[in-house]
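Note that the chains take the letters A, B and C in the order they are written out, and that residue 1 is the start of every chain.
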Amino acid sequence: MSVDLLGTDSAAAVEVRGVSRVFKAKGGPVTALHEINLRIEPGELFGLLGPNGAGKSTLIKILSTLLLPSAGSASIFGLDVVTETDRVRRIMNLVAGGDFSGYGLLTVREQLAMFAQFYGMPYREGMRRVDEQIEAFGIGEIKDRKISALSTGQRQKLNFARSFLNEPWILFLDEPTIGLDVSAARDVRDRVRAFQAAQPGRTVLLTTHYMAEADEMCDRIAIVDHGRILAQGTPAELKRMVQKESLFIVGVDALPPTMSVANLRAIPGVISVAMRDEATPDATGVGSPTTRLAIGLKEDGALGGVISALAGAGAHLREISKSEPTLEEVFVQLVGRGIAESSEEPRSE
Amino acid sequence: MSSIHARIPADLAATIRKETNWSLSHRLRHGAQSVLARAYPRVFGMIREPSWLFFDLVFPILGMCSFVFLLRSRGVDDAWVSATILASALLTFWTSVIWMMAGQFRWERDSGNLTLYITAPVGLGPITLGMAVGGALGMAFRAVVIITAGTVAFGATYEIREPALLALTLLLGVAAMYALGACLAAFFLISGREADHLGDLLNEPMQLLGGVFAPIRSLGLVGMVAIGVLPLAPAADALRQIAIPQLAVSGLLPVNIELLILVVMVVVFSIGSRYALRYIERVGRAGGKLLTRAD
Amino acid sequence: MQTDSPYTRRPTSFGPLRGSAADAVRSLVASARLAWAIEGNWAEPFYLAVYLVIRPLAFLGLFLAVLSIGGSLNPASIGFVVVGQAVFQIVGAALQGPTHALLDDRERYRTIRYIFATPSSLLPVSVGRALVKAAIAGISAAIVIGVGAILGMPLRSGGIDLILLTVVMLLGLLSIVGIGIALGAVCVQLRNDAWGYPQAVAGSVFLLCGAIFPLDTLPAPLQALGAALPITWWIEGVRRAILGTTSPGLLGTLATGELLLALLVGTLVILAVTPRLFKLGIDRARDKGYLDRNTAS
C-alpha cells in the first residue's frame, strides 16, 4: 500500500518520484527498489523500517548521492540528487552504522578538523565547530586519542560528531545504533532530537530494523519490504491498521454483582468487552483473585465512562493499562512474516 | 513535531538553494583547503608510523645495493654507481605512486572513507591532489636519505652544473608521475581483483621499461615508446644527464626535449585524471562500485 | 565413560604412519592442498602471468640490462645471473610464505585461533603452506631458466646433472623453509606491518648469497656472512648442476663434495633449531594474546 503524495505544492525536504533501482547480479538483475514514491516534510524525523534486504539502505544511498536511480527522480529541498549533486552534498550528511572509516593514525580532533575543511568551513569556524561537537558528544577525554584506539561506541560518536559539523539541513542515518550499547544508543537518539530542535527545518531520515527505535523516534514511518513501501504514516496510524480500536486492560478485584459484561458493552464508546479471572500474586507471593477486563473503545476518551461505571458499581480498581500493538505486529500483518526473517541484501554489480 | 513545524520558514527551500550557490572564490578556497586537509594525514601518518619509514628506506636501499654491487662486480665506471643511487631515489616516488596513489582509493573504499568523501562537497579531484602533495613531500625526505646513504656508502660523486634545471626536472618528473597515479587511481577503483596485481605489474616491469637502472637507449624502439608514455623514463634519463654530465652520451633524447615531454605529461595526465575521476564517480554511482568491493 | 564414540575416536593412521607422525603429515597435506588452492589462483590467468612470468622476467631483464652497461653481457655472465635469479624466486617465496600465511590466517581469514584450537600443531600447517609456495615459485624458476637458455645461457655439456640438482634442491628447500618458518614465528608477534619484515630479510639475503654477483664484490665481513648462509651454496650447487662450471672467486673455493657437505651441515643445523624456535615464538604469541588479535589499522 503506498500513499501518492505527488502534486503537492509546498517544497518538501525529500521528494521521491517513481524511483527504482536495479542491480546486476550473477544470478540475474535484482530489483532493490520498485517505483518508490515518498515525500518528507521539512523538520520531520522520518523512519524507514523493514528487514535486511528491504531496500532501505539503497534508498538512502540514492538520496545521499552515492547511487544513481535506475528510474525516477528524487530531490532534497528542491535540489535534484542526480543533476545538482554538488549542491545537495553541501547541505547533507550521512552516518552509517558499523562504520569504521577514518585514518587510524589521526587523533579524533584531527579527523574532525580534516572533515571541517572538506565541508568548506573557514579554518577558525571549522575548529570552533569541531570543539563544539567534541563537547556535545562527550568525547573530550579522547579527543587526542588515535582513531585506531577507539572502541565501537566511541567511533560511532565520532561519526555523529562529524555528521553535525556542517549543520546539515538533511541528515541520513543508516542503522546508526547498530553495535551500540543501550546507553550509547540513547545518547545518540537524544542528540539527534536536540539537533533537530535547535533549527526548525532540519530533517532526518532514519533507517532501522529496530521497531522500538522507530516507534520512539520517528514522526512518521514507512514500512519497506522487497523494495516497496507497504504503508506509511505516524506510528499511531500504522498501529491502527492492526487494531482500529483503543484497547485498555482494566483489573478489578471482582466484577460487582450489579455490573455485567453486557452492561459495560452498553456504555457509549465501548466496542467490545472480554473478561478473564486470574490470580494476581501480592507482596507475599500469595495469589489473590483479580478480574481482568479487556475493553475495546472507539476512542481513548471513552475510558472515563467505563471507569465511572465500574467505580459507581463499587468495583475496586487494581490496574489500568493501554494495550497497543507493536510495529512488529503491524509489519507481520502487512508482510505475513516477522522482521527477523530477512532475505539477502541485493548485491551490487 | 508540530511546534517545530510551525516555526519553519515558508521560503526555506529558496534559502537553502541560495546557500548552496557557492561563489567562485568560495569554491577555490574550499578546493585549496581540501587539498591541504587530505595531505595532512599522509604527511603526519608517515611520520607517526616509524615502521613505514623503516620499510620505505630499507627496501630501496637494499635494491640500490644489489645494483651497485652488480655494477662493481663488472668493473663498470663509478659514474654508473652514482646514476644507480639517483635512480633509487627517484624510484621511491614511483613506488609511492603505485601503492599510495593508484591503489589508495580501493583502500579508501574498503575502509569506508570513500563514502564520506563522495558525500562531502569536496570531489575526488582535491582529494587526489592532496594525496599526491602529501605523498610527494613524504617521499622527498626519503629520497634525500637514500641519496645521502648511497653517496656516503659508495663514494658517489655528482657534477651539477645547473641546479635549477635539476630541480625543475625533478619537480616535473614527480608531478607527471603523480598525475599518472591519479589516472590510475580512477581505473583501479572500478577494477576487480586484477587491480591488486596491477600494482605489482607496475613495479619491476616499469623499472625496466623506464630505463631506471640501465639507459633506456638500450631498449631501442621500446625505449622510444616508453619515453613518450611513462614519466619515469624521461625523468630518469634527464636527471642522469644533468647530474652526471659524463653519462650524457647515454641519454636517449636531449634534456630540453625530455623536459618538454614531462610538461606535456603533466598537462595530459592532470586533465586526464580530472575526467577519469569524474567518469569513475559516475560509473561507480551507476553500478554501486563506490560502496562495495568490485569482486 | 564411553570411549568408542565417533566424536572422541580420533583417526590414528595416515597411510603407513601412526600416531603423532600421522597427525603431522595429515595436517601438512591438508595445509598444502589449501595453499595450492589459495596461492595458485589457477583460475586467474592474469594473476598467474604477472607473478609467474612477467615479474620474474622483468627482474631478470633489469639485471641483464645493467650487465649490458659495462659490456659484460656474455653467456657466462648471463648464466650466472639467470640461475641465481631463478633459484632466488624459490628462496623469496619460501622466506615470505610462512609469515604471510600466518598473518593472513590471523588478520584476513581470522582462522588461526581455530587452527590453534585443534589437535594439529601450527608447525606442519606452516610447512605445508611454505612448501607449496616454494613449489609454485619453482615453476617460475623453470621459466626463467628456460628464457636464459634461449638467451644463450650455456648448459653443462652432457646435460644437466640431475642427481646433483636434486640433492642441492632438496637440501636448499629444507633449509629455506626452516628459516622461513622461524621467521614466521617471530613476525606473528608483531603488528600487521610485520608483512614487510620477511621481504626485508629476503632482500638482505639476496645481497649476501651471490645470486647475481660473486661474493668477492662485497666487503670482507659481508663475504663471511654470505659464505655462512646455506642458500649461497645452494645457488652455487644449482649453477654447477645446470651450467657445469664453477663460479669465480670465493664461490668456487669449495669442491662440489665440500659444497654438499656445507649445505648439509647448514640445513641440519637449521632443521634442528627451527622447531624449537617456532614453538617458542608461537607459545609467546599465545601467551601475549597475539594469536587472536587483528592489528590492521
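Everything below uses one rule, namely that a residue touches a chain if its C-beta (ideal position, glycine included) is under 8 Å from a C-beta of that chain, and two chains touch if they have at least 3 such contacts.
Everything numeric here is computed off the predicted structure, so don't read it as measured data.
Enquirer: B-C versus A-B: which has more C-beta pairs touching?
Expert: A-B
Enquirer: Give me the ID of the chain with the smallest distance between its Cα centroid and the all-protein Cα centroid.
Expert: Central chain is B.
Enquirer: Quick check: how many Å separate the C-alpha centres of subunit A and subunit C?
Expert: Their C-alpha centroids are separated by 57 Å.
Enquirer: Between subunit A and subunit B, tell me the centre distance in angstrom, where each centre is the average of that chain's C-alpha atoms.
Expert: Subunit A and subunit B have C-alpha centres separated by 46 Å.
Enquirer: With chain centres defined as C-alpha means, what is the inter-centre distance between subunit B and subunit C in Å?
Expert: The mean C-alpha positions of subunit B and subunit C differ by 33 Å.
Enquirer: Mark out which residues of subunit A touch at least two other chains, giving numbers and ranges.
Expert: Touching at least two other chains: 105.
Enquirer: Could you pull out the residues of subunit B that touch at least 2 other chains?
Expert: Each of 49 in subunit B touches at least two other chains.
Enquirer: Spell out the part of subunit B that touches subunit A in their complex, as residue ranges.
Expert: Within the complex, subunit B touches subunit A at residues 1, 4-5, 7-9, 12-14, 16-17, 19-22, 26, 29-30, 33-34, 36-38, 40-41, 44-45, 48-49, 111-113, 115-123, 282, 285-292.
Enquirer: Can you tell me which positions in subunit A touch subunit B when the two form their complex?
Expert: Going by the criterion above, the answer is residues 11, 23-24, 41-45, 61, 64-68, 77-79, 86-94, 96, 99-103, 105-106, 110, 113-115, 117-120, 123, 162, 169, 196-197, 200-201, 219, 347-349.
Enquirer: Touching subunit B in the complex: which residues of subunit C?
Expert: Checking each residue of subunit C against subunit B gives 44, 46-47, 50-51, 54-55, 58-59, 61-63, 65-70, 72, 77, 191, 193, 196, 199-200, 203-204, 206-207, 212-214, 216-218.
Enquirer: So in the complex, which bits of subunit B are touching subunit C?
Expert: For subunit B paired with subunit C, touching residues are 49, 51-52, 54-55, 58-59, 62-63, 65-67, 69-77, 80, 193-194, 197, 200-201, 203-205, 207-208, 213-215, 218-219.
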